[in-house]
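Letters A, B, C, D, E, F and G name the chains as they come in the text, with residue numbers starting at 1 for each one.
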Amino acid sequence: MIRVKRLLLDILKPHHPNVIDFSTALAEKGNYQVRLSVLEMDDKTETLQVEIEGESIDYEQIREAISEMGASLHSIDGVEVENSAADTD
Amino acid sequence: MIRVKRLLLDILKPHHPNVIDFSTALAEKGNYQVRLSVLEMDDKTETLQVEIEGESIDYEQIREAISEMGASLHSIDGVEVENSAADTD
Amino acid sequence: MIRVKRLLLDILKPHHPNVIDFSTALAEKGNYQVRLSVLEMDDKTETLQVEIEGESIDYEQIREAISEMGASLHSIDGVEVENSAADTD
Amino acid sequence: MIRVKRLLLDILKPHHPNVIDFSTALAEKGNYQVRLSVLEMDDKTETLQVEIEGESIDYEQIREAISEMGASLHSIDGVEVENSAADTD
Amino acid sequence: MIRVKRLLLDILKPHHPNVIDFSTALAEKGNYQVRLSVLEMDDKTETLQVEIEGESIDYEQIREAISEMGASLHSIDGVEVENSAADTD
Amino acid sequence: MIRVKRLLLDILKPHHPNVIDFSTALAEKGNYQVRLSVLEMDDKTETLQVEIEGESIDYEQIREAISEMGASLHSIDGVEVENSAADTD
Amino acid sequence: MIRVKRLLLDILKPHHPNVIDFSTALAEKGNYQVRLSVLEMDDKTETLQVEIEGESIDYEQIREAISEMGASLHSIDGVEVENSAADTD
């Protein structure tokens, strides 16, 4: 079974919701650990680097959650996936 | 259950209270560990980087405590949240 | 027996499939762990550094999988092989 | 209970007492570990970075000790405090 | 008994055999672990840094293997040898 | 009881005694570990960084030993002292 | 008893013997571990950094061995000595 274990995302978001509510909303989508750093800030927006770690991350849910909070996912800068199934293709 | 485990704050404060009393006041809000570094200092103010770690940090209490001491929270530069509940959304 | 334990690949790929599907497709070829970083991005393509680790990596399968997804393998930047057989040549 | 666990101090001192006697005098104030580095030295003074670690550091005692040795505390560059009490405010 | 435990080699090789076959051929000479990095690449050749680790590396065999694959050993940039015999000279 | 655990010394010495005899002479003053690096060398002298570690370093003995070998102690660049006594002042 | 545990040597040697034979010859003088790096190479000579570690290194033997191989010891860049005797001076 293949699982996404880590995502490194580059996100642009408005000031609201704040970074704490934003991180919390992403962590709520699974048993995730979310580490957020603010890279740049201007009058209306913040550029964030967000690292999400978990046993099995549902990327589509993360993408929707980002979008619903009025933020936009600029790029996926890193991915870690693991295939730990005993039987391979 | 989602918990804030770490905050990295950029704070501007007047010289009084001093950094020891300031750190202590923040740690008092919970079983927190507070690490404070003075980044810049001028005649009237100090720019601080304050890292707060704890099992579950109450951000609103921290924000109020900063404000009550005459300091202003410039930005939240980092957040770590963890969702360790067994049942997810 | 000689096994390839690690590959570090420099890959150019179109935006589709996205990096998550791309990583997943590579991990599917064996019990691999895949770490992908996006180094550059322009209108049509992304330059990737992809690190693959596993007990025994089948390079030909990896090469075909990259090719089938419309991406091109620029170079193999690193290799680790291990000879753990008791009897040597 | 809130305890100061670490202080990072920027100190200007005359050449006498020397850095060994100076460190020793600070360590005497409690069961402290004192690490001192000389950052600059000129004809009459030395600029020191002094790190003090302990289970519970008494800042006022440290400040007095510095002053009694003819040195001046330029700034507190770092503080670590810990609240390890079970019952919080 | 004195054993060579590690070699760091600077090698120039043609594009064929590729770095995977090249690494494998070196590892085959003993129970070696081979880590290869491509430092430069031009139209006809690749400059490699090759690190070989093993319990007891036979340098002459390595040198011949490199030569048989049409590559040339530019320099030995590092060596580790260990004398673990109980009786010394 | 307060003990000096580490000294970092900047020393200028003539070429004789050589750095091995010099280090040995310092280590002889106690159960010390001495790490010496040569920072600069000219026709007649060598600038050394000497780190001494021990359970309880006698600075005066070290200073005399340096002097007796015709070298001069330029500065004490670092000190670590520890107060591990149960009863404090 | 005072023992030399580590030497860091700057050596100029002709191309022959090669670095493997050179390292081996030094390791033979005791139960030493020898790590050699080639820092510079020109037509006739190689500048080496050689690190020797052992329980008790005999510097005079090392010096002679270097000399017998036609190389010259430019400088001793580092020394570690340890005094682990129970009774001190």
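Throughout what follows, contacts are C-beta pairs under 8 Å (C-beta built on N, C-alpha and C of every residue); 3 or more make two chains touch, one makes a residue touch a chain.
Predicted model only: the values in this text are computed from it and were never measured.
S.K.: Let me have the rounded angstrom distance from the C-alpha centre of chain F over to the C-alpha centre of chain G, please.
M.R.: Each chain reduced to its C-alpha mean, chain F and chain G end up 23 Å apart.
S.K.: Calculate how many whole Å lie between the centre of chain A and the centre of chain D, each centre taken as the average of the chain's C-alpha atoms.
M.R.: About 42 Å separates the centre of chain A from that of chain D.
S.K.: What parts of chain E, by residue number, touch at least two of the other chains?
M.R.: none
S.K.: What topology does the chain touch graph have (line, ring, star, complete, other)?
M.R.: Drawn as a graph, the chains make one closed cycle, so a ring.
S.K.: Can you trace the ring for me, chain E first, then chain G, and on through the rest?
M.R.: E, G, F, D, B, A, C
S.K.: Using the touch definition from the top, list the residues of chain B that touch chain A in their complex.
M.R.: 2, 4, 7-8, 59, 75-86, 88-89
S.K.: For a test of understanding, state which residues of chain F touch chain G in their complex under the given definition.
M.R.: Residues of chain F touching chain G: 18-20, 23-24, 26-38, 41.
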